[in-house]
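Worksheet: one structure, shown below.
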């Protein structure tokens, strides 16, 4: 690729919910960001031929295909985007890495740590991304900046919940099958919370967890997962992810208490961050309700004026924009396959702890956090 | 009265909702404040003999009486507290002032400006209070302090609503009769909003208003009142008070925008004040949700530890405490009859504007505000 | 145009903030909706040649042009989209209507009622739209549906504020010049609030208003506007729009109290509607915080799963989608030029009332509301 | 004691924060409730003679004493109220029970399960109360009623946090010393959360816990405690109590998700309950923000009109009122010593699990829940 406005031909494997979210990002990134690349939606690959054609037509993919092995080896493809059910992440990504493609992959990265390790190793040879899109929520990027600036002081507590409510009517989709999804709420929801925690608060050193399936006949994955954790920085935390949180739709929340303040975020209120600042004069201390739409906020200057909020889809667009900029400048990008491997290690410890009913210690450096970035 | 723990014998005229609130304050003030006086609940006076006895017994009044004229002239009475329907405020207060009693009176002060002027003149000779109790909400006292410190800068907008929802089932009480109440939402609710506005933002110079009665057969007072206003400090404002705000119970709210920030308060959330501070670093600007329960907050150090909230009744207790302290130190106290007269002038301008459909100018100095306190 | 996937060639006049918002909608409508038309971004027309080229390139406009008169007469143009400063709405729209083009126009429609009447008359001959995009906020569309179903009962109060805070640094843009903008907060912000009020609560019969300019040297338009109103349905209301509401970014709020409940919305919280339902069992009555992201909610099924929020830009996309569907089905569409004319009549009454200091009566039927739709 | 207005002579042991809260309740219960008893504040007993005199004088205690053993054996004492540091609960309560006194005791009941068992056994012979005052928060009593009515359906998740922020400046008080307090956040805060959980959601069957001391040099008790739990009803839960939650003052929160809805409460917002009701029409489902101030709400009809909120202290008054009514009617009362024993068992399991790093199973029936009441 040369420097200016090189075209990148993309092959996307998968055509579901994430296929739509990625397609949108491929479209929108150039509208809002000064992208150094011309993205071409070259081929979309999926199993269901009928829906595939409609999807391709709606989102402007040049071609459709059903054989992903053939697609990832095509010479004219620069980027392979893996948006399949989880059990296909490894075979597709490994083949694409072998073929030297730029690699984008949905989360959770893999079905096991062993698989994730092989994928991360293969991916180190190519530019790569894992779509932990919530890192680019402006409010979360602002939280990260505030923590890096030391605005929270010493962290004491990290508390995260990811609450959804899936009706029984949704049973039957691949996300409820262990063979395709690997796990339930754990891989789907908890993986996001863990990725954010590692990014914001660093390495987890040990944990005690429980997994719960409320409706065993209709599914063989976990409906809910809870854990207690100790972080290497001395703070303690708890996590919960569940698909049985009636009353919540997409409540991905974290709260962090440090010696100098508190941060609070919740994805149903994506454009807002709460920041309690002990640096404020005592009489006016209280959680600042920050509408993170600028000025001075990450990403949002690319979209609309202050107060004109953005939504879910923008997190993918901003992720892609950051990656393309890193790619052009040959700089590292996060979250990548190595970051996702750390998440996978935590998930495996969760399963192990849940099975044994014991605390599990994570080896030093196995869940790399913020300081290494 | 001598300085230390002089006993004050109180006569309360009235036994309704306000009679309970005042009785509670007379009880509680000494528990939470270092009151310089011993308050004695000497006599409670009302028309309904039966309920009066129960009330006296429950709240510890030594005696009951039905003839207020006789009561206010009793030599052994030091304080007369007027908690009657509005049409009796003037006769009772005038008689009590003439008898040299310390004078406490419910709001709205009077049925007309003419009446209020006579009352204010009479009251200037004795220590006196009008129970504009919301001045002592800790969050409002904090708002006042912040404004006096210049934390809002130049004020542009003052916006107040007082929203209640009275079902039709409440028709029949004296508050719906012009002959006893004088007005409806205007005297009952708007008077509070106006008192706070004059205290916080100073004199109103002109206004345009409308009064509305939604259910004329059952009442002859206003159900709702709205007005636009210009303040002498150059800011503009709007007010609304209504008993037809279905969904709100006691939503006494104000919002103030100045060049340096915003303040927001609502009585249904009595322990909280929102303060947007343009002095904050830009990226973390957002309304501070201040839980006004200390430390460093007005009044609350007298009650419970931080986070242990107080309620409606405490506003009367704190009002009484401040008055007793002022009385002991022979210092001025607000809100007094003169303050309430200013409110009455605004209410009369509201009625006049509503009748004529025109803006009404208020004479300079007629609605005295903060600067004179 | 024939039924299936006719191509519509669009000419957009204007390249500012609204030009971006419209360009995005032209791109996105086909991704999320089953659009019966193929939209072609044919030509973008603007005065600044340099920025125009960048804009065209970024948003995929085939051609650029600087002479709008020539553009609107081009035979190959089907749609003219007016996204210019307000003073050009009339000349462009009139020329485009004369040329038989489908007409899209930004709000406020015109500089005066006289101008708006000429535009509305001309537009009756062609399919036409005014971009009152907030009608398509899912929460507002839901509010409309609830009101049409009678869920609020008899309306008593309608209360709207549109609060922004423009720093003095923004002085100099066309929106501060009467010659280009016609008015300030009134046309820019209040017009939205009035459009929503007419849609939701019907005709305004009379009003009393005030206009305020806080910083006359730097601008000759209003910074703030306030008004009291009577609606034909017997309810009363107040409106405020201001660019001096420090602490608020884009707080377009309305609250409606009826005999059966309350509705509350605020644009900074675009995905949420509060609904107090007196039909609920008394002990659990309280404002429902409805996250309007489905299921069963307008528009959002076209975008993302429940809890995955949308943003500002989607309101334009949904507006366009509705219009294209109406166009294909030859059905009426709102808001159109006639709807915008009603808004203009209210704005003119506001100016007149403000100048005279009197209530102004609006002729019956001049501000047509919901019932006529 | 005879039926009507028997006088109960009270001896209160302790004069700290809880001594004030109880004194207030003894005063206020007769003002707001139709108490069948005349309460006489007979003697207050404490170690610090000087502060004791001031306390007695302020709150109207007839006598002071420093020897609690003598006090609890006085013939003229009917009620002994234990408001001492935790290590004195057992000796005082046991002596008082032996003397046949009505027994009121602060929480946590004891220093160990063994102690609690002895106390509970002794208390079964006399009317007794443990001051788990939050059971009488109107919003919590409403939550209980809704759950008993089956409004939540099958419970899946129970989530509780009790967040406070104690500055280091508070080190030195007895609450930081193991010898006097027994534990830190666990006994002080978690005990409240556990009591509410057992009341609302029934027996806990097993748990995994961690205790944390952030500042060991200044204290020998836990600063924070976290646990995961399984309830006998099949639901799962998590608890956290901490004095290091900077940004929170008294945030005693619970959230419960069931098959039919969600409940959410937080003590900093004492007058509110959030209820998500799946029985609502789908389009208007959303958490009801219920202002629990009547009508139709527990306790609040005894205080002030709807929307006139109550505070922390009222929870003690209402607890006392319920107890006195039960006493008069010779009915059971909760929370009593047996209820507090169940809490103590959970706390001991927490310590045991934390020490071992394992799940701990609680014997069936050891933590009795709602169904037995």
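All chains are identified by letter, namely A, B, C and D, in their written order; residue positions are counted from 1 within each chain.
By our rule, contacts are C-beta pairs under 8 Å (C-beta built on N, C-alpha and C of every residue); 3 or more make two chains touch, one makes a residue touch a chain.
Just so it is clear, the model here is predicted, and its values are computed rather than measured.
Across the assembly, the mean Cα position most removed from that of chain D is the one of C. Two chain pairs, A-B and B-D, are compared here, and B-D has more C-beta pairs in contact (counted per touch definition above). For the pair chain B and chain C, the distance between C-alpha centroids works out to 42 Å.
Between the Cα centres of chain A and chain B there is a gap of 54 Å.
For the pair chain B and chain D, the distance between mean C-alpha positions equals 36 Å.
Looking at chain B, residues 248, 287, 291 sit in touch with two or more other chains. Put simply, chain C touches chain B in their complex at residues 156-157, 159, 161, 163, 165, 208-210, 212, 214, 224, 226-228, 230, 234, 236, 238, 240, 242, 244-248, 257-262, 264, 276, 278, 287, 357-359. Here chain A touches chain B in the complex through residues 142, 145-146, 272-275, 277, 280, 282-291, 295-297, going by the rule given at the top.
Interface residues of chain C, counted against chain A in their complex, comprise 17, 21, 23-24, 27, 30-31, 58-59, 164, 248-251, 267-271, 291, 293, 303-314.
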